[in-house]
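As written, the chains take the letters A, B, C and D, and residue 1 is the first residue of each chain.
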């Protein structure tokens, strides 16, 4: 019960975040295809953020799958994550409307970095309530992706001052790393599901 | 569990998309009925998109009804569909505010086309996890509607350059094709439900 | 399952409608209490619409409580209701920003009238699938409120041309009629629930 | 069933309220970090309101956990609470955009006060349906926090006319009081859960 409501609330917030981002794509005045052109960077940053929020929803989904007992700590760690994710539409709009300028690109990376840290805190809080031999602890394993992402975001933030294109490349790279299905994790859960049902 | 969350998230996103579209209907300055007149094309395009999103929600609902095992591929195919649907408010506003001008009408058709392709990919991904003899594969059958729709959208996009009215007629026609209840599909599911419960 | 999703989707849409209405309350420029004064009619119309949407959600909740088998007809009758409800924020904003002027007040009544008709169609569709001796048919009984409301809305729309205050009084009256708990209906359902569980 | 839908609807409304608040953070024109500076008070008020809505969601969650029988009174007491919470984005924006000026700060406190009263009414309505010896009545106990909060809000509203900083300090203080986990309440519920399952 309790867990369902946590999932439902998180789903609601992420669904709204992912959808209100599209409001930054303001309907242009004019009927030519060329009037869409200035919207292109906003659109590209929308795609990037859509991917990131999709990845967060997807991972969040797997993470909570293992929770049995929602204590106060998990609720607040989860709200902390949702807080940083709720800033994604703002930084997406700022970065897109300024054609991926330096500072907005760095601030976008900062929000991604804080979201990654918030996710890590949530994950750690959940593992702590379950013990080190839990299914989740096993599934996470060494958590290479989770540890590499914040470092890559940091590099991206610093790279802005050399060339913003490097930062953007890193943001895309991290998204792709997460998009590639992690067979190992799915295997652990689905095998377990099959045993239980 | 997993499937419920996929449904809940998709419901959330579609519910938000269908509702924020109404924000394009900006409150006019003036208290005469005539001040509503310039809003008429926006309102008509709102009705059309409301129908389309309702159809997608309805079909999505039947499609996921048959899923037992949500794997990564289904999650991403579903997010891909939601991505294209999330662009519907934008193209609806653009087409409506420009009184169904050529290019916005064609771009509207393009988003419908991409949504239809995304739906087809999702359907194919689900059928693949279930096998060719599954309930869903049987219910879809030859899937005449699903195959005809993208072709009709393509025709509509091209027709814009002859007369946008043809394109609009085709959009309406496809919506009506889907609105007419597909007795055959419902029968398969409800018969099966009755047997199971 | 199917019914849960219908409820979840309707809840989502009504929750969004009720919440985006507040976006019409635009943050004023100025820090005096008097800068809130021009917002007063918008705020009053917000309260009225909040009440109506609350009533619809409440009744919708009781109505679907009795549904076992969601067929296509119910899905579309439900979407039809949500369509008219989705126009409530627009007419609320129009009526409020124009200080309850004649035409906006009449158009507000028109959307209430269409929503009431849509609700009646949904109710009739559900009763039809269940038979005349069903629990719902019994609970509705003569449905005095449901039949009186559209007539009162019609009177309100016509009254605008004599004095908009009459119309506003009627809108408030209908809301109050529905707010008063209908002990009889609750009794039928709760007694039945008690027997079942 | 009935209770799930009440929770789902409330979750939806709170999720939307918490997320549309971020729309007040309007994307600035300019690419310097300094262009973010005028947004700082809006951002700070966003954090404060995010905390408050998180606390309300969290407490609401525990409160409804104990409800078995959703009667009309609970539905309306819940909608009354959601009404006041729905005004939070408006007062948050007003207070933030005016750099925590006197009147907006007082009005912000007024909405918090009314929300606290609405929460108290909801809690009382639920306790009344369950009896004085219920689990909830026991968990609430003397409800020091619940009784202290409205008094503190009142003090904050009056303090505005001496110094708005005092009011802001009180808002932050009340949020922190609620953030600190109330071990006693969690204990009662989790012990009970363990016994039941």
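Assorted remarks:
Assume a contact is a pair of C-beta atoms (placed from the backbone, for glycine too) under 8 Å apart; a residue touches a chain by one contact, two chains touch by 3 or more.
Because the structure is predicted, anything quoted here is derived from the model rather than measured.
Between chain B and chain C the CA-based rotation angle works out to 90°, given as a multiple of 5. Both copies, chain C and chain D, contribute mostly unmatched positions to the interface they share, with under half of the numbers common to the two.
For the pair chain C and chain D, the distance between mean C-alpha positions equals 26 Å.
Computed from the mean C-alpha positions, the centre of chain A lies at a distance of 37 Å from the centre of chain C. Listed for chain C are residues 8, 12, 16, 20, 23, each touching two or more other chains. Touching chain A in their complex are the following residues of chain D: 7-8, 11-12, 14-16, 18-20, 22-23, 25, 27-28, 30-33, 36, 47, 50, 54, 57-58, 61, 65, 179, 181, 186, 190. Listed in rising order, the residues of chain C touching chain B in the complex are 1-2, 5, 8-9, 12-13, 16-17, 20, 23-24, 69, 71-73, 75-76, 79, 82-83, 86-87, 89-90, 93-94, 97-98, 101-104, 107.
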